[in-house]
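Have a look at the structure below before the remarks.
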Amino acid sequence: MATLEVLGFGENGWGALLLVAAGVTLAVTAAALAIGAVLGTIVAAAKLSHSRLLNFLGHLYTTIFRGVPELLIIYLIYFGGSSAVTAVGKAMGYQGFLGLPSFLAGAFAVGVISGSYQAEVFRGAYLAISKGELEAASAIGMHRGLRLRRIIMPQVLRYALPGISNVWQLSLKDSALVSVTGLAELMRTSQVAAGSTRQYFLFFVVGGCLYLILTSLSDQIFNRAERRANRSMPSAMGQV
Amino acid sequence: KDWKTVTITLEGAYAPWNMTNADGTLGGFEPELAKVLCERAKVECKLVASDWDGMIPALNAGKFDMIMDALSITEDRKKVIDFTIPYAATPAGFATAKDSPLANAAGTGTEVHMDVGQTGVKEVEAMKEAFKGKTIGIQAATVYSKFVYDNFGKDSTIREYKTGADRDLDLQNGRIDLGFDDTVYFASAIEAAKGELVYTGPDIVGPIWGAGEGLGVRKSDTDLRDMFSEAIKSALADGTVKKLSEKWFKIDVSPR
Amino acid sequence: MDFAFLSETTMTLLAAVPTTLALFSLSVAIGGLLALLIVWMRVGGNPVLSAFAKGYIFVFRGSPLLIQMFLVFYGLAQFKVIRDGPLWPLLREPFVCAVLSLALCTAGYSAEIFRGGIRSVSPREIEAARSIGMSGFLLVRRIIAPIAFRYALPSYSTEVVLMMKSTSLASLVTVWEVTGVAQRLISHSYRTMEVFLCAAIIYLILNFIVLQAMALLERSLSKHLRAPPVKP
Amino acid sequence: MPGVTRLSVRDIRKSFGAHEVLSGISLEAQDGDVISVLGASGSGKSTFLRCINLLEIADAGEIWVDGEQIRMIHGSGRSRPASQKQVDHIRSELGMVFQSFNLWSHMTILQNIIEGPVHVLKRPRAEAVSEAEALLEKVGIADKRHVYPAHLSGGQQQRAAIARALAMKPKVMLFDEPTSALDPELVGEVLRVMRALAEEGMTMLVVTHEMSFARNVSNRVVFMREGLVECTGTPDEMFGDGASPAFRQFIGHFAN
Amino acid sequence: MPGVTRLSVRDIRKSFGAHEVLSGISLEAQDGDVISVLGASGSGKSTFLRCINLLEIADAGEIWVDGEQIRMIHGSGRSRPASQKQVDHIRSELGMVFQSFNLWSHMTILQNIIEGPVHVLKRPRAEAVSEAEALLEKVGIADKRHVYPAHLSGGQQQRAAIARALAMKPKVMLFDEPTSALDPELVGEVLRVMRALAEEGMTMLVVTHEMSFARNVSNRVVFMREGLVECTGTPDEMFGDGASPAFRQFIGHFAN
């Protein structure tokens, strides 16, 4: 059957390309999540600090990157970033193009967006830590750094996990927009395959299914992590 | 600058101009022509697929050196980039569903020549009458939108699609009555639709569509532009373009 | 800075704001109602409905909206039954399809958010209601829904903002809202940065207003959580 | 009308999985009875109370409230009440006061109190409000009527919860350790209100650890152990010399 | 070494905004002293304890722990300790047990107990573990060492919290209502442990509502009222006839 051949791994099959593209999507999302974790931690710390200026900057960051469509942010970072890097290169006497590689630009753009969501997740998680437990840490003479490392971080991670799993999901889909940088991730490869073979529906449905597979795989991983993290929590209350 | 390697970008999803094969390589009219042109310009060429939306900004940012993606030479575009001489000039026309009452409109199969800004052409007036109240789909931001809006905007509904492929799907689905695009593109769409779509009305040719399709280059790279213009000239002269065109499009799109 | 160009661009983009707002408000309203239906199926106790709701949520949360929209608009119309069906006059319209796919997508997300809200209602407060003889819809209407909605509100605000941004995909199905118009402007002028900056500012303002409204709602619904008024 | 049987429970059994928590409990309360239920933690006191107003469904046994039997379906597997309507009605006749107050956090105290009369009993709002204010006066928190539960002390919350239950004009009041979530200093406020209710002749079933209440206020004491009524009698009988050794050990525990 | 002054507090004052909570409190604890601090709700007992280990910073006054004075900077506006290092050191010498246990929820009981010795005192892990197990044995929850706090009863949690404080080998233990978050039946477990500590000669400062503990275990009772020490003495003096009328009224409240 023609469909099988087009999707297979043979000479005329797109199977291999689609699988590679799914891998690229996964890689972009994972890199974005990592970048976002760093940015999110910094922004959350700024929003929780007592400095008005830092509060304001943190607020500005989350407002902008949650309020502007992802596509626009990706464009602005990709082209803006490339122009900036090239300009710097020119100033230092380097001729020619120094643009961000599309993988890096894409991951960074999605990471910046993901950071704005992660900041909120981390902030909420921090606020969920029992004040009494922090006092108990102070009361045995733990200094700030120790308290942060031994009491705050592990609990923030635990409370943040469900939120992070949501952000992962968002980033997975934001990564579809990275196709404008020409990166051959799942969305773009589906589009290219559709345009080249003119089998539009086939490839959109297949692309959608691959996204669903990625989703369910990552769901499983997060569920396992949550179960692990929640060992120490009281068992769930009764249902509605 | 001493050009040894040149990076050329194309979409890789605009069959038959350019497309991606299942093994990830690029194929189609333009990749094959590019090979010829690069040989003649004595440079090493690298073909890179990228998204249509970002192509021109990326060219100017320096990510690529040339664009070869059925890019029509227009005044608007000339404000931001430069072009070689055209390597193709395609007619444009309407297509509709096979069993539509609009099929076989007057003049189907003939050619009408139009100049820039020309109005009141008799064949066009006839189509205007025939297509009254219908919905026409075009690809957004192409050279055809001005023509369609100027001539059909008053009497028909015009709907703009992001890609020609989307428009063709709606044409088959019956959401719109007519599509307007370049006939070379339609030829392959009609083939892919297994005869569900047909041309209707005359093909429109001439300077109204600008000079044709050329390679886009940065304004600063006049040397590169001239090298490739020379290469195109020679490929046109010895019939290479005609040969490739007939291979991929079934017709000759060499600019006349 | 080319102010003439910027102001012209801004005017063109502003003309598309009503389209964006119409897409946004209709899809949030319809999606919200749909979400209520789905969350009812999800927690209602009927295993078949619950499985259906689970599947729905999985599919619509797990795949990109772009693909969903494509399949709703171009895919549904492939079937002759639909083209000849009674709904075709509606489904034929790009605007209807755009709203439909946006609403279907947000319904999946919102259903999960509402479910989270319901789960955080204290079982004890529900028990107290049962013990005075409340059950069924009365219990939901008077006790569960108000408390759950209050808990769900922060996440729901986020989802509403996401919706505003998601409308930017509607140009795929020929509904030319702000982002689509911006892209079209770019393909005429090739001035990517300027045009996108104007669009970004428009979205920021729209979302700021939406968030402000949600915050106001949240404030008015959380009287019971605020510190008591200090008496002199 | 003393002598009327307000509540009658016959041979109630309840298991959670393999663990039998209630192994056949019977109890009868006449109009005006104040019955204290004592017992160690885990002896099934809460479960017993929750079975009476059907927050848990007993596996076997009969429950009569004010002469009306609750119809049950003891099928294979789980038992369930035959009619949700009857359950709602019965529950509205049994006032329940929980250890943890369980006021509705999104309503003010007044709203909490009129909720049942207005929405379950369908009484006119104005009437419900004026009755609620009388009740608030009675439990001594009239000045807090427009305050949300989170802003009250535990003792005040518990008194509001009692008012909420009274507003339904119940035939019997069920209390599940109404003072054990309170600081020692707040216990007094709540006990005072309960004592006043007892003096007015309200029929009450009180699970408590407050020996002074059991001894001085109630007219009957029931001691539960491992899902059974170990012994029962008047306070004088029970706290005198006649009680079972297990009970004496139990109260001895509280003496120091 | 009886007679050594473990803790000395001189004329501590503390206001929250305009509200003066502590108006000059002094207290001295020799080695082996068990001091009960009584007082009505809001009299400033918790604030006093929190000032001693610097969870609140007193506005004025001196605090000496085991002969070492805590250096403070009483500048304009807010006071603050001169050296965070000293604060951490002092705190590690004062064991604090909170009303609400405050065990770290992400660690098992054993991990909770060795946390301080290993990470604050930098003791070898193996040593800390074996000492922790001895402590768990002592407070009677050795079998729960690998359980998370959320899965323990309140009484067990509080005993774990005491073990955690003891693991730091503190010079003085501070208890803030260690039993008032517990069900009546669980109180006994915790009081038993505290009684044993007192018998071993641990210096303790105990805010409590348990009159039996104040009377039978402590060797001194301090009664606070409105931010001042209203009266103090041995239990015999205080619970005899000599005490102030305010204290008699206070304990009278607990009698019924």
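So that you can tell them apart, the chains are marked A, B, C, D and E in the order they are listed, and the count of residues begins at 1 in each.
The rule is simple: a residue touches a chain if its C-beta (ideal position, glycine included) is under 8 Å from a C-beta of that chain, and two chains touch if they have at least 3 such contacts.
Treat the numbers as computed from the prediction; the structure is a model and nothing was measured.
*Asks:* Any chains in contact with both chain D and chain E?
*Replies:* Intersection of chain D and chain E contact lists gives nothing.
*Asks:* By mean C-alpha position, what chain is farthest away from chain D?
*Replies:* Computed centres place B farthest from chain D.
*Asks:* By CA centroid distance, what chain is farthest from chain E?
*Replies:* B
*Asks:* Between chain A and chain B, what's the gap in Å when you average each chain's C-alpha atoms?
*Replies:* Inter-chain centre distance comes to 38 Å.
*Asks:* Rounded to a whole Å, what is the gap between the Cα centroids of chain B and chain D?
*Replies:* Computed from C-alpha means, the inter-chain centre distance equals 83 Å.
*Asks:* Between chain C and chain E, what is the gap in Å from one C-alpha centre to the other?
*Replies:* Each chain reduced to its C-alpha mean, chain C and chain E end up 53 Å apart.
*Asks:* Can you list the residues of chain A that touch 2 or more other chains?
*Replies:* If we look for residues of chain A contacting two or more partner chains, we find 75, 79, 200.
*Asks:* Which residues of chain B are in contact with two or more other chains?
*Replies:* In chain B, the residues touching two or more other chains are 53, 57, 169.
*Asks:* Run through the chains and report each pair that touches.
*Replies:* Taking the chains two at a time, the touching pairs are A-B, A-C, A-E, B-C, C-D, D-E.
*Asks:* Chain D touches which residues of chain C in the complex?
*Replies:* Going by the criterion above, the answer is residues 122, 124-125, 127-136, 138, 142-143, 146-147, 150, 221, 223-225, 227-228.
*Asks:* Flag every residue of chain C that touches chain A in the complex, lowest number first.
*Replies:* Result: residues 43, 58-59, 61-68, 70-71, 74-75, 78, 118-119, 121, 123, 126, 144, 158, 161-162, 165, 168, 179, 182, 192-193, 196-197, 199-200, 203-204, 207-208, 211 of chain C touch chain A.
*Asks:* Can you check the complex and tell me which residues of chain B touch chain A?
*Replies:* Spelled out, the residues of chain B in touch with chain A are 1, 9, 11-15, 19-24, 48-51, 53-54, 57-58, 61-63, 163, 165, 169, 188-189, 192.
*Asks:* Name, in rising order, each residue of chain E that touches chain A in their complex.
*Replies:* On the chain E side, the touching residues are 53, 55, 84-85, 87-96, 98, 100-108, 115-116, 119-120, 148-151, 161, 164-165, 168.
*Asks:* If we count contacts the way the header does, which residues on chain E are in touch with chain D in the complex?
*Replies:* Residue positions touching the partner: 40-41, 180, 183-185, 188, 209, 212, 253-254, 256.
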